[in-house]
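Presented below are the structures under discussion, each in the form of structure tokens.
Both of the next two complexes hold chain A, though its partner changes from chain B to chain C.
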Partner chain A sequence: MLHPLTTLASQPNVALDQYLPLAVIIVGAVGFAVANIVLTKIIGPSRRGANKGMSYESGMNPVGTARKRFNVRFYLIAMVFLVFDVEIIFLYPWATTFPNLDPANPDAGIWLFRIFFFLFTTIVAYVYGFRKGVFNFD
Partner chain B sequence: MSSLLVLLAPEIVLFITTCIVMIVGLWPKLEVRSLAMPIAGMGLLIAGVLAINTPANPESILPNIIPYAKAMTAGVGLLLVLLLAGTVDRSYEAAVERGELRFNPIHTNRAEFFAFFLFSLTGLMLCASATDLIWLFLALELVSLPTYVMATISTRKLRSQEAGVKYFFLGALGAAIFLYGFALLYGGTGTTNLIGIRDALAEQAASGGINPIAMAGIILSLIGISFKIAAVPMHFYTADVYQGAAAPVSAMLAFVPKTAGFIAMMGILAAVGWQYAPGGETLAADGVGTLPRSIYVTLAAIAVLTMTVGNVLALLQRSIKRLLAYSSIAHTGYMLVALIAGPSIAAEAGITSNGLGAVLFYLLVYGVTNIGTFAVVACLERPQPDGEADELDDLEDLRGLCRTRPVLGWVMVICALGLLGLPPLLGFWAKFLLFTSAISAGEIALVVILGLNSAIAAFYYLKLVTLPLLEEPEGDAPATTPFASRTFAGVLSAALVLLAIIPTGIVDAAMEAADRAGTIVPANIEAIERSITAEALRDEPTPIIDR
Partner chain C sequence: MPDWLTAQTFVSVHVFFIMVHVILLTVAYLIYVERKAASYIQDRVGPNRVGFDFGLPWLKPLRGMLGLGQPLADGMKFLLKEDYAPDRVDKKLFTLAPMVMIVPALIGFAIIPWGGTIVLPDLDLPLIGTMEGGPIVIAGLHVNVGVIYLISVATLSVYGVTLGGWASNNKYSFLGGLRCTAQMISYEIPLGLCILAALLLVGSFLPEEIIGYQRDHGWLIFAQPLAAIIFFIALLAESNRIPFDNAEAEQELVGGYHTEYSSMRFALFFLAEYAHMITGCAFFALLFLGGYELLPFVSVFPAVAEGSILAVLGIAALKFAVFFGKVLLLVCFMILIRWSIPRLRYDQVMMMGWQAVIPISLVLVVLTSTMVYLGLGGVVPMFIANAILAVVIVALVPVLPRTRTNQRLPLYGSRFCPVTGSTVQTGPTDPLAREDRPLQGTVTA
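And now, the complex of A and B:
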């Protein structure tokens, strides 16, 4: 009567095994957060003061009007930065797989062309930003 | 891989043109800067020529759609480029020319405007080449995201900003709904490839019915995409956005997202197929039938509501742009009827029974005709002290236009009759195909409602005809725009509407192309059924043959 249960227990549980990396990541993430809080409590120096107690110690002043203006150029620079950010995201997997390609493969040229086309679009975005005057601080 | 590059050649050309336009439009010299529009036109022309010669794509769910859809995009895009001239930067460029301001690229919109226009058309072409749900989603968003910005920057008035914000938030809602639908469809079939989905759904239907998760996914996708085609549960933005944006941009909004939405809907419906037994979600015995019942009911309800709401609300409008917006909703409803009817299964049945071909042809005709009516609105203006101009957007402004401004008046008369579908004009042939394809699919109730709605529509289209043609003009002739290419776009589309009267063979060729584009390959049901029965037989003990 117990036979089905024992056979089930003796088999490796394939489905759960696949989730092991996920479990490691979850434990790592929670552990990192908890460790940070605990370690700052233990080894961090505890000074107090008006500046120390502010929400953003070295950032903007949280007291005062909320309708403070930012220079729009911060956002423009941030967007130009995003162009390079996205470029790296796409270039990295390409750079790791491209050397594995068989040099005799007829598609190799197309692979290379495609990444050059992608780089070209990035350059166009940069030239556009340049002409639009994103880098002119006056 | 290289064959994919051949298939995508029109998109690549259009994208490179976009890059050039984006840089050229910011040039400090006015002569170079003004080249942005002609370069955009050249790019569209090259892309159109390349599109006509693209081969069929057997990996696509709509294998033959690419040449027709892309050539249509490029052709209507050329008309739109002519119409879009001078929409942005008008007072700024005038001030720069007078020497009051120094040119500063950060204050201009010309480069972005034409670049976004081309991006949107690139997205539309990519929609036609989509073989995968993720590709389809990205293409649909590439169509929509630039149009939000274009609506906002098209005039310097608050109403455009309001239109842009409304359009963006409702568009994001629509995108979220169809993305959720795509996710469920993936969950219910296990693949994002449209042909894979088609085979998975056919297999599910042959073995007892479509998975409810997949079904929910299909219905959510269709409802989300109905935002793009301005169909009823998602139509609320249409009138406000069309009125708020400048008339040339409204003309674009009435064609580009609508076409993209219909092509996406065709792709998803082709994955479901029109071979289900009426009243159920299992396959019809003879392989000829309709859509699955729940999809059929949803789409039929959307079609009826869309036609009726669009036409009835159009009756109440005083603004030409709002009237045309509601008429655009009504036309969506008409096309949905042919979409429900679906393609003909019988070989060599021709365009008269091919619902998808009818929709594709109607999209072309509607796009061309609609540009004519919007061109008239874009050409009439009331000069403003700041150098910008107010469009004349009231029906009363059309009074006696055939006498005061004969060219614009006649363009309005011809294009309004074309939208109405008066017999010898191009619009009639398009509507005729909708009727015949729906009748041959047996959708008599929908055809009757379609006929009644066309009759209601006659009332407001005839207002657009009688006001310029029969009424006496009041006061002076209205001022016209200094941009001659807008008038040219209007005259060109009116000429195309009249083209159907002369037997040139061009209209027949377009119909044949639409028929070919709307032909799909249904899932190989027999093969799937055979494999299922073979599996069932394998499990059973071999029967003893009695001699």
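And now, the complex of A and C:
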């Protein structure tokens, strides 16, 4: 049963040297960022002062630090994001192999059903979060 | 010629460095276009003074020029301004954040196949000797993971936002960074699901094959209009554009995560935002608008350009012109949206993301996979399925339960006060809050 998917998946030729331009590209991009910041540090003026060093909080003198506790809702969003994002990443390989399957293949229905079950587990998580009020912002 | 230097690598590196310059120049002039568009929409003139005369008397004819020298002047000013870090910031992270932001923005568009596939003849090059020709793709990077690379790299800019907000040690920056992070990761999901809906029809990650599919079957915007719309909305949210720019809602958060930034470090954030817009629009054009194909159902250019070196480069340049033209049109559309639509409230943005856009795109993926399974993956059946889904969504909206939070307050005398005699629908559920507000039940006089 695994046969059609494994043969399709083995078709693209994985050659690491096709990533060679990526190394050059990353070096170029990092070089651009570093060069700009270093240049402006060299060229621009530099003066310091007690009031100048204050954080800008709408002209008020800052009270305390900004490293405080914040709304737990952001953690919830991050956790639900993880659930969905991992699911989507698992769906990508399937999305590229599934349309290439022979439509007359009797196993195609099983592959579809398995993915639907996989999606169903996420939908259960979504409904649970919805009922818990994770997606309500007030 | 060394073994590792293939024609593809050679061309890729050159294409990338040309495209970086093209995109940075476009970004500079996009800022100018944005300011001009804003000023015309607001009945102003906009930048119209800075030409290319540099204050020199003998370059007087170059003065003015509709303000076309403004981007250059802005860039110079960014470079010459003081690169200041306030006392309480986390210095290392504060410097790192703009870099983390700009690097993904610069390398993200590498996989976009601007010029399509060409068959390069054998070339004699100085220094490196004879280069073996063959079919190559005019893209900064030609890898088998294709669009996955673009998604994963573009996502990295979330780190820049988070670090910038955190390192600033400023309450506004921190809140802006938090909001922006939450918004960006929320809209990543519909973005990914819409790409999935498109890829389910194409069946390949490779940008060239996505365009090839659209050459044969018509643009995907006709087969997946709903996915295209949701993708564009998610793009707006990802690049923090109005109506989703809560990260820098001036009335609430000063400047958001880049409040404390100045000079080139601020400019890098700015550049990254616009480069993301261009990358996103190029991605949209690639997925839904047929890439470098000029017309929806007719193929104008040959799929693989063959012939002499001048002919293949000419065809690649034409394809690039079409592709980039589409990108510029989309970016102008984004600019138009920015100056026409007011900003959404933060809770509205998040609720729209989690309660509307994500369920719709999930249903779309299920629908598309079912249609592909049934062998109905063509343009017409998919368009009909999308239309039916859109109608069902619109029909379902009044039936769905509505949230009572953050709705209009029926305060007496406010413009939201209901008409005399009507029944007040909304109100706080908490009994204590109820006592505070006399306006419940029927409005008398």
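We take it that the second predicted complex is superposed on the first by the 70 of 138 C-alpha atoms of A that agree within 3 Å, B and C clash if a C-alpha of one lies under 4 Å from a C-alpha of the other, contacts with A are read in each partner's own complex, and residues count from 1 in each chain.
Everything that follows uses one rule, which is that a residue touches a chain if its C-beta (ideal position, glycine included) is under 8 Å from a C-beta of that chain, and two chains touch if they have at least 3 such contacts.
Everything numeric in this text was worked out from a predicted model, so none of it was measured.
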Which holds for A:D107: it touches chain B only (first), chain C only (second), both, or neither?
first
Contacts of A:V124 with chain B and chain C, given as first, second, both or neither
first
Now for A:K132: first (chain B), second (chain C), both, or neither, which partner does it touch?
first
May I ask you to decide whether A:I37 touches chain B, chain C, both, or neither, giving the answer as first, second, both or neither?
second
When both partners are placed on the shared chain, which of chain B and chain C touches more of chain A
C
Spell out the part of chain A that touches chain C in their complex, as residue ranges.
12-14, 17-22, 24-26, 28-30, 32-34, 36-37, 39-41, 43-47, 52-58, 62, 65-67, 70, 74, 77-78, 80-81, 84-85, 88, 91-92, 95-100, 103, 108-109, 112, 115-116, 119, 123, 126, 130, 134-138
In their shared complex, chain A is touched by residues of chain C numbered 4, 6, 8-9, 12-13, 16-17, 20, 78-84, 86-88, 95, 98-99, 102-103, 106-107, 110, 140-144, 148, 168-175, 178, 181-182, 185-186, 188-189, 192-193, 196, 199-205, 254, 259-260, 263-265, 267-268, 346-347, 350-351, 354-355, 358-359, 362, 365-366, 369-370, 372-373, 375, 377, 403, 405-406
Under the stated contact criterion, what part of chain A meets chain B in this complex?
107, 110, 120-121, 124, 127-128, 131-133
Using the touch rule from the top, collect the residues of chain B that touch chain A in their complex.
1-2, 5, 15, 19, 22-23, 26-27, 104-106, 111
